[in-house]
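Listed below are the structures to be examined.
Two complexes follow with chain A in common, the first pairing it with chain B and the second with chain C.
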Partner chain A sequence: MREIKVFSYVDKGTIIHKLSGVSKVLCFLILTFASMFTYDLRVLLVLTMISLIISYLAKFPFGRYKAFLLYFAIFALVNSILNFLLAPTYGVEIFGSAHVIYRFNDFYVLTQEELYYQLCKIIKFLSIIPIGMLLFYSIHPSELASSLNGIKVPYKACTVFALALRYFPDIQKDYNNINLAQQARGIDSSKKASLSKRIKNTSKILIPLVFSTLDRVELISNAMELRGYGKAKSRTWYSYRPLQKRDYLAILFCTLVFMAVLFMRFAVVKNLFWNPFI
Partner chain B sequence: MEETIIEFKDFSFKYNAQKKPTLNNINLKINKGEKVLIVGLSGSGKSTLGNCLNGLIPFKYEGDITGSCKIKGTETRELSIAELSKSVGTVLQDSDGQFVGLNVGEDIAFALENDNVKLDVMKKQVKEIATLVDMGDFLEQSPLEISGGQKQRVALAGVLVDDVDILLFDEPLANLDPATGKTAIALIDELQKKTNSTVIIIEHRLEDVLYRHVDRIVLISDGEIILEDTPDNVLSSDVLIKHGIREPLYVSAAKFAGVKITPDMKPSSIDTFKLSKDDKDQILTWAKSHMEIRKKDETTLLEGKDLVFSYDEKKKVINGISFEVKKGEMFAIIGKNGAGKSTLSKLLVGFEREDAGTIFLNGRDIKDDTIYERGKEIGIVLQNPNQMICNTFIFDEVAYGLKNAGVKDEEIKQRVEETLKICGLYEMRNWPISALSYGQKKRVTIASILVMRPKIIILDEPTAGQDYRHYTEIMEFLEKLNEEGQTIIMITHDMHLMLEYCDRCITIVDGRIYFEGLPSSVLVNKEITDKANLKMTSLYDLANMIGMEPNDFTQSYINAERSLRHARD
Partner chain C sequence: MNKNFFGKFDVKTIVATALGAALFLVLFLFVRIPSPIPNTNIQIAYGISAFFGALFGPISGFLVAFVGHALNDFVGGGISGVWWSWVIASGVAGFFSGCAYKFSDLEHGKKPGKMFFIFNIVGQLIAWILVAPVLDIVIYAEPVETVFVQGFTSFVIDAISACVVGGILAYAYAAIRPSTSSLDKE
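Let's look at the complex of A and B:
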């Protein structure tokens, strides 16, 4: 079995990696909120730039996430097309003008306003996606768990999350073993068998998988209880990294970006959208 | 005046799900600083006794308690698992499964985290304890990156951070190769001396635990304490064998030869074991009368030639292995954890494909056979039966492979019943599998492969986690199959198994064959045992004591063991 890395945390030792988990989660949330508050293309472009610069600083390996990025691109495109099919004049309604590019029929009219609206939406996604992926790439799972607990997520939920990541490779290994042993006894769950057969055969793998996983769960919960898990209302985290100067700076920076966005939104443009058509 | 730290008084426990009590009228006192070994078969109640100490009973596994069980003067049932964990540190059998952190440091820190210990204090303490068990340089490693022995050290450190008075080990040797097991026992001994703690070891591998001094052995059978005494006294009686516990090899060899063992011969360790001149002569005469070697068929059934394989193209897990398995042979593949023995078996059944080299079955290259086609010729029984069983009833599980192959119902019925009879499961054929014990489940998985009539059966650690009685049951069953002509390959790090049952073996070290030949020659060769993380048997030392070639002596012992087994049948 080839080892598959689910959680691709790699400590590259960049400035981003050195930030504490709490500040990373906070910065992510602040920037996401910032982006949610605006549809101003200029602001969104600036946010996207910031997001890309941060990814660059963290040496984020975009190449390794090609499949994911492609999936995202397709998703965004389909989303835009569906939007157009359902409400082709939404852009016109928002901006109050209509620069027609092409008229399919009375209902489907392609306008510059609609294209501009869809562009804003895609850029909005783009401003968040890289830092979202970055969060998972640059933060150790346990540290993430401790950070989530730091922002008041109940600690039991956080441990469940960390444990899922700890045992995922083991369960995956079980699955592979079971699957191969089944094949040796004449069960074909490979692409050669028909779909209905494959579904039926996969269900045969699930029985042993569930049973061996239940064994595992019992063992883990015993091991945890025997070491005092769950007795107190709170717990500390070995992987927690206390905030340092750079963390405060990072949070300050993101907060400033957020304030700037709010300023643009409520004091300058005074609208969710920035209208280039007037 | 010695201070009592644990005291059972007329203690009985019955699980809610069971009719009869699992522990019956236990009376046992353990003093502070004592080292006690609890032995007994699976199901004898020895693990239940351990769980009564750490609080899993009655807080997790509920049931009825009568009598009293006190730790440091307090009834355990008045405490909680968490409170008890401050006095009793438990190291469980499966050191991989109990690794709850994503790296070593985090796992050691787990108890401290739950105690809300401040980060800087915690880091310091973790570093200290990790250094104590020699893991100080591995704090950042993930569980995937360290060995089984190291995981056990981490588990031990994880309970030591609590500064416990009592260390409880539940079958600490079960998942370790022999050399690592030996180190583990030495480590437990050293730690006990350093921390002055009370140590309780639950284990059925008696000889391995006795590698270091033990104060007392407690034998449990059917929920009752049969005997508690010093190792020297216990080994001088026949009570262990009667209750299905294996004696150290040197003791059983001496007993085979008719030597009467007495406590003043100090039989608890081979290093202290004293034999008189007469005793030595008696053993020598006995050994010389048992020296013949069995001859088997010489037709080659399976051949691997220059096999090479790697998972990641960097490290070659299998690095040029060639070997032959003869028809009707009981063949063992041995080596330490991670040496490549399981990978080799995966190549043979086609779960993985070799990067180079060829596998011949009856002289035919089987490169193009699918997993299923190979499965019909070379069946594999996985270590964990729960990973194989996918039907609710025994009959269906055994019939499963035949059904998939489209065999006619009548023939299925006939073949399944025949196989169930061989495996001693016929009476239970309509039982649900969930009602079976672990050992019985194992037999079901063997039956489900056997029914396909493969030319070769491969078993991955067939006796892992089995006590001596069940081990003997499984192995005698396999031996019977073998005598009827079934070729069997076993992957194991159980040295007794290899020594007593196998005709030939290969020892794999770092993906290469380091030794090929008779099992009796492996464990008397220090160079091989060191390389392969094995352990020299005590028969080697006994042979030297009586002045006989260790090779020959070991072979005599194996022969005597075998004929004794056959006499029993």
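Let's look at the complex of A and C:
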């Protein structure tokens, strides 16, 4: 049975781990938004380098990318093929020129522009992946909610985030137990069953799972209510760490990266894409 | 029946929303039934957001789908990193599912009415035919053809799973709730 761990947090005491959770979340958001605003291959490569360097500073185990890269390769390949089948000349539309590599027929023409566009897209995905994996690797689980609150997310929504993460392993265990119990009764929802059977049998796992979860809701909400949760307009956090000099420096750095990306996009290239064909 | 459109955001709702999001995440990760269109799976998780939305209101529905989908992308189910446009679209779909809250009374054993299904279909339509493709084009500069093919498939699949799975759950829940009490308040 497959079990997924959400957090792999170990305090390695690196400079990244020492940052306050608020600056980790904020830097993560700024950097992902930076990559969202550009399709410039050079900028994307720099962003990828930055997020790899940050991962290196945090002593992120790079072996973990290996398993991931295989899945990513399949995803990217399928996505590219689908894009090519539906819109083979999209690259030509963007860049306004056509360097033909191979002509299958009048509609399917493989061009350098198309390949370049696909490359940009793959790098764009890759650029934010290390930083995304790093966030849950370097942030203390109980600091996440206070960090979200630190960037002005309403505290009740932060509690939703924290509780969802707290109860994910429990519900995952429930799901596995119910699934095995139903399989023991001959209700198969694995790959071996046919599609319609699979959907039908899955719903037989769903009802006990959802209703046992609703029972749990009563229990938890009573416990929280007894402790006076939600009576005040704001909330203080046990795990909150005030911002220090290094936090301001980290946020400043990420903001500068973001500004540089915007500057490249709107002042230098003046286009979403950087066109190497002219 | 006098209900606030947005529902009351009390402790029980917060906890239910959180566990709903965790459920959404578990189903999103483990119950992936592949569909004919690549990178688009049959996600029965949208039944969860439909059910929790109808039970606790639009904000709850939004958070169940948004938090569940975002965490899915973090935890490693999302091989493309955090794909914000689809995360936001999921949240929008959840929000619309939750609009059925005002028009249904599952809590007192009333079966889900046609508003439940209408809001789910409309919500998934807006999310996958409008929000997700537009954000995909703006943020990721995907070709129009691809995003609409993927968006349309997602709409059909997710609307069915929201209505069927959400409907099954809502009926089952209404069946075990005591119907409105025969006692009068004096």
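FYI, the second predicted complex is superposed on the first by the 216 of 278 C-alpha atoms of A that agree within 3 Å, B and C clash if a C-alpha of one lies under 4 Å from a C-alpha of the other, contacts with A are read in each partner's own complex, and residues count from 1 in each chain.
Please note the rule applied: contacts are C-beta pairs under 8 Å (C-beta built on N, C-alpha and C of every residue); 3 or more make two chains touch, one makes a residue touch a chain.
Since we're looking at a predicted model, the values are computed, not measured.
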- Examine A:Val100 and indicate which partner it touches, taking first as chain B and second as chain C; both and neither are also allowed. neither
- First, second, both or neither for A:Ile53, with chain B first and chain C second: neither
- Touching partner for A:Phe168 - first (chain B), second (chain C), both, neither: second
- Message: Per the contact definition in the header, classify A:Ala232: touching chain B only (first), chain C only (second), both, or neither.
- Response: first
- Message: Applying the document's definition of touch, where does A:Tyr240 land relative to chain B and chain C: first, second, both, or neither?
- Response: first
- Who wins on chain A residues touched, chain B or chain C? C
- Message: Looking at A:Ile207 after the superposition, I want to know if it touches chain B, chain C, both of them or none. Which is it: first, second, both, neither?
- Response: both
- Touching A:Ile129 in the superposition: chain B (first), chain C (second), both, neither? second
- Message: In the overlaid three-chain picture, which partner chain does A:Ile220 touch, first (chain B) or second (chain C), both, or neither?
- Response: both
- In the superposed view, which residues of chain A touch chain B and also chain C? 2, 162-163, 165-166, 170, 207, 211, 216, 220, 224-225, 229-230
- Can you list the residues on chain A that touch chain C in the complex? 2, 4, 6, 32, 36, 39, 68, 71-72, 75, 78-79, 81-83, 86-87, 90, 94, 121, 124-125, 128-129, 132, 135-136, 156-157, 159-168, 170-172, 175, 189, 195, 198-199, 202-203, 206-207, 209-211, 213-214, 216-218, 220-221, 224-225, 229-230, 272-273
- Message: Under the stated contact criterion, what part of chain B meets chain A in this complex?
- Response: 54-56, 60, 80-82, 85-86, 90, 92, 94, 96-103, 105-106, 109-119, 122-123, 126, 143-144, 158-159, 162, 311-312, 346, 349-351, 370-372, 374-375, 379-380, 382, 384, 386-391, 400-401, 404-405, 448-449, 452
- Message: Using the touch definition from the top, list the residues of chain C that touch chain A in their complex.
- Response: 9-12, 14-23, 25-27, 29-31, 33, 37-39, 42, 44, 47-48, 51, 63, 67-68, 71, 73-77, 79-82, 84, 139-146, 149, 165, 168-169, 172-173, 176
- Complex contacts: residues of chain A adjacent to chain B: 1-3, 140-142, 162-163, 165-166, 169-170, 174, 177-178, 180-188, 204-205, 207-208, 211-212, 215-216, 219-220, 222-232, 234-240, 242
